[in-house]
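The same chain A turns up in both complexes below, where it pairs with chain B and then with chain C.
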Partner chain A sequence: MDAPLAASGKVTPQPARAARWRTLAPYVLPIVVIAVLPLLPFVNNYIIAATVRALIFISLGQAWNIVAGIGGQLSLGHGVFLGLGCYTTGILFNRYGIPPWIGGWAGMLISLAVALVMGSMTLRMRGVFFALATVAVSLALVQIALHFVDLTGGGDGLALKFFGNSLWAMQSRAPAPFLYGSLAFVVAYYWITRWVLASDFGFAMQAVRDDEVAAAAAGVAVFRTKVTGFMLSAAMTALAAVLYMQFYMAIDPEAAFGLSQAIQLQLPALLGGLGTALGPVIGGAVMIFLSEVTNWGSTKLGINGVDILVYGLMLLAVILRAPKGIVGLVFKNALGGSSR
Partner chain B sequence: MNTAAPALEVTAVSRNFGGVAALADVSFSVREGEVMGLIGPNGAGKSTLFEIVSGNLPPSAGRIAYFGADCTAQPSHLRRRAGMCRTFQKVRLFESMTVAQNIAVAASQCPTPGRSTRDEVDAILTQLRLEPLAARRPAALTLADRKRVEIGRAIAGHCRLLMLDESLSGLTHEEAEHLIGEVLALNRTRSITVIVVEHVLSVLAAMVQRLVVLNNGRLIADGTPREVAHDPVVIEAYLGKKHGALL
Partner chain C sequence: MEATVLLALQAVLSGILVGGVYGILSIGLSLAFGVMRIVNFAHGELVMYGMYAGVIASRNFGVDPLAILPLSFLLTALVGSLMYQIVFRHFVGHATLQQLLAAIGCALVLQMIAQIIFGADARTASSVFAGEYVVFGPFFVAKVQIVAFVVAALVTLAVELMLRLSAWGKAVRAVADDLEAAEVVGINSQYINIGAFALACGLAGMAGSVLVTYYPTAPSTGFSLMPIIIIATTIGGLGSIGGTFLGGICCGVVQQVTAMMWNSALQDVPLYVLLLLFIALRPTGFFGVRSE
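After this line comes the complex of A and B, so read on.
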């Protein structure tokens, strides 16, 4: 469309362009704010590191949201794919000198294979039985990781060899580079979720979530849809695990496959709003903010575990008062079909 | 696919639940383009037969053929993609999705050649007069509208055989008449063969060309509505003793 010409002869801004900017502003502004964070004088490494933690958990939460929020399959064992991603990256790097740029893809492929086998065995089960089956797999992997001490470091965990600032090794003494990496993950995963929600595949997943029998009667291949969603979620989790591993520099069986980690992966989507693209973003930010505040509070008070208590209370409050999460409170009709 | 073959052919189908025979040696066929009624008192085996034909329940014995092809072992989603469509006795819509999205699920999974999902959804919304409800979620609809949406989802995309499971129950006389008119219009305009399951004979008489009657898991009559209404075996099954005609 040609730009309208004002009486002065100057080209005035197009209404369409203004409308597009109003649409994009809520997405672009937070990205810009986070991107310039390291440049601000009052922002120290502690704040940047906390932001990186939030962004990593937003990515992991978004990945879990695909299978549980959109697909309705309550996987309580998604730590399996976080652990496989972390261990694969770490072992390939420490033992064979393969950088995480390549190791991450290997972790993703292994996770895809495990998700295919695990999904094929468990996704015919419904509701609580599927959830329990995923817990069983993650508990089994804790034991396997503890058993193969030479490979995984056993209970002591696996620490990455540190090379200092190295792009090849994806390592940095300062948290700022991870800020940009994790921000890229959040943006990419947000758009993947939006794409899934608006796609035929996403409609099929939501149909299966709502009613499997009716979905089959509408032509949806229920089992294949569930397995594909599970594999997509697993691949996204394993890929985000590279960032987790490189940022924390170590992993142990409990941090990888443990149930408390599995709950942390779920909280962003549960708090923010299951089945929405925006939910895990809001939920992850709130979770890490409260975690930092309660950590600070528990240090001041000298009481350990206050953050876990707060997680539990947050979960209880969401389940009782806002089952559609924060997004559901703010946006009407946030669940199902909405691509927010 | 053999187009001269019946749309549906049920041959010697039986189904046992433990020691109970829900269906015993039931056989009938439905011609392409026909509107057929399947009736019977409560517990006659109508729903069991419906679940077997649509692929949700395997038969203990017997064969189901769809346009000449054996589909006895075919899963329900593949039958749907081949054009065998159904509704449910208790309406089952995707509650988190809008009316248009409900229809879009089936339209995208069972595409009509040369027609986009959006065009198909728009066509169905128009034909069933659902456009004003397109953006609503099922919870906000009346029972009659929910049933129309379910029919819309059932016929979306490729549909050659539509099976309606007590779609008229719970509706007022006027709503039922409207729905019957819409189903008959689908039969004419889209050349869809229709099987209607009901337990009240009078409801179906004006709608169908042929009636099949089940009782205690067995087929007891097969004929025009008038023939069936005067069949003494059917009268006894419904009323328990000798009475006059049911219609």
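After this line comes the complex of A and C, so read on.
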């Protein structure tokens, strides 16, 4: 039975162009739709801004997905790298006039250094201690940022000086330019994740996630793999932070290092599907959509905090009912592996 | 020189008193980890509910928060056993990524429910001991802090004795040591686990009612207490009740000495450094159980 099927598959190949289009269409279509969004008649700045928010959190979620989803290390303090990226670009720009094109790389280097130190101190331990250490570092940074008012603006936060529309300063009154910037980030991070998943390094990370002892026995350098994955994730977060900073134009200690921000960085991957490249993309879109709806609902009802209640319930529902996220639910039968 | 030494001694003294309360805040977390390997990030939220119970008792009924300790215990033990039945029973035995995230989800839900019920503003309770100071020699301390410390120490002692001497406590320790062997000798580990988790959560609520005698509460207070609870538990040793109490005292002393001798705005930063050092060099703390 198998042989004739295989043979018939060989003798009637699909036309090459149609086959290529069929594989590329799911990627190209959403990009085109988002790219022409500002041209559509019913789309206003509010919708564009919400889309930018979704794209930014997809990028940040994709970065967290590397360490937690593929690597299995629960970083509860990824706000550290978001905050370091934001504060570094902001301080360099406000004080020294250095544009975010350069400041972003400085933020990334600082994040890499911090991730290296944090990782080498805590990643030798299994289980909870890495998670606890990331919480400790982010909360320490909240206090430090609150204390050094001259540098960070303290509790009031740090607002970027506004120069009007300027490519050099990465500033714009309208949200449309950020749409293209964040879209580029999402595409790039998606491909980085796909590349990691298919690389030897990605296989090593997944092996460490699934069984550390077995991975070590198979010759994987467990500790080095964990630290490298953590550093890659930190660098990606800090670079995407440039976008966050330029779009929101301000950062304060809680928004940077606070635990509720850290949870927002985790939800896209958790909702969409941990350890998949597609997961954070779907999860980020769902998260921003739901938060817009609940924000609107809670202002209508006059109750604060409904959006965070919804985040908490989403987190519980996903973990208890659908641990593989939306991707896991949708592709349960269609896909065996987790390569998407 | 003389003044510096006196200031340092005063700092150590108030550190010990505050630290005792950090100890009672933390022993529940330590117990849940020691028996079930559950890191309950919602522990602070239960403390916060205990604090609100104290506020309601003193504001609405004119009862001292310390008088309702058994009531707060029952209230949060009930919430805790619900939480265990719905969420944590799926995660007994391994502190996995999913378990930590589920605990954070519980924390967010509990915190926001409190905010919807009580509003976001900070509230205070009043204790009969409030506003009075005890002076001996060059030192002075608030009476509420002494009372809170004594209550904390007694509760810790009671829990430690119960775990060591009572039949139930021995069963709990048996399950913590080796679940399968405990089941073989006829212990129902599900009952033991839910009981131990309810005890851990009840201790959180009770600690909240002790803390509220001198510390205001808001819905976000629970989460903001979590760092110090985690640090006290890690330094003392996850899973050890007495060790955790000592860890709390260490935290209190380090914090108060930093605040009085260096800078009160950065009083918690040395604690975070201490936590990182302990995790890197001695993750079992002073008296902890082996982690995995």
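Here, the second predicted complex is superposed on the first by the 321 of 340 C-alpha atoms of A that agree within 3 Å, B and C clash if a C-alpha of one lies under 4 Å from a C-alpha of the other, contacts with A are read in each partner's own complex, and residues count from 1 in each chain.
Criterion: contacts are C-beta pairs under 8 Å (C-beta built on N, C-alpha and C of every residue); 3 or more make two chains touch, one makes a residue touch a chain.
From a predicted model like this one, the values you see are computed outputs, not experimental measurements.
Undergrad: Between chain B (first) and chain C (second), which, if any, makes contact with A:218: first, second, both or neither?
TA: A:218: touches chain B, not chain C.
Undergrad: After the superposition on A, what does A:155 contact: first (chain B), second (chain C), both or neither?
TA: In the superposed model, A:155 contacts neither chain B nor chain C.
Undergrad: Just checking: does A:68 make contact with chain B only, chain C only, both, or neither of them? Give me first, second, both or neither.
TA: The answer is second: A:68 touches chain C but not chain B.
Undergrad: Looking at chain A, does chain C or chain B touch more of its residues?
TA: In the superposed model, C touches more residues of chain A.
Undergrad: Once chain A of both complexes is superposed, is A:121 in touch with chain B (first), chain C (second), both, or neither?
TA: In the superposed model, A:121 contacts chain C only, not chain B.
Undergrad: Taking the superposition as given, does A:97 touch the first partner, chain B, the second, chain C, both, or neither?
TA: In the superposition, A:97 contacts neither chain B nor chain C.
Undergrad: Should A:203 be classified as contacting the first partner (chain B), the second (chain C), both, or neither?
TA: The answer is first: A:203 touches chain B but not chain C.
Undergrad: Can you check the complex and tell me which residues of chain A touch chain C?
TA: Residues in contact with chain C: 68, 72, 74, 76, 118, 121-122, 124-129, 131-133, 135-137, 139-140, 143-144, 146-147, 259-260, 263, 266, 270, 303-306, 308-309, 311-316, 319-320, 323.
Undergrad: Spell out the part of chain C that touches chain A in their complex, as residue ranges.
TA: 39, 86-87, 90, 94-98, 100-102, 104-109, 111-113, 115-116, 120, 219, 223, 226-227, 230-231, 234, 263, 265-266, 268-269, 272-273, 275-276, 279-280, 283, 291-292
Undergrad: Show which residues of chain B lie in contact with chain A when the two form their complex.
TA: By the definition above, chain B touches chain A via 54-56, 75-77, 80-81, 85-86, 88, 92-98, 101, 104-106, 108-110, 117, 137, 153-154, 156-157.
Undergrad: Note which residues of chain A are touching chain B in the complex, please.
TA: 200, 203-204, 206-207, 209-211, 213-222, 275, 333, 335-337
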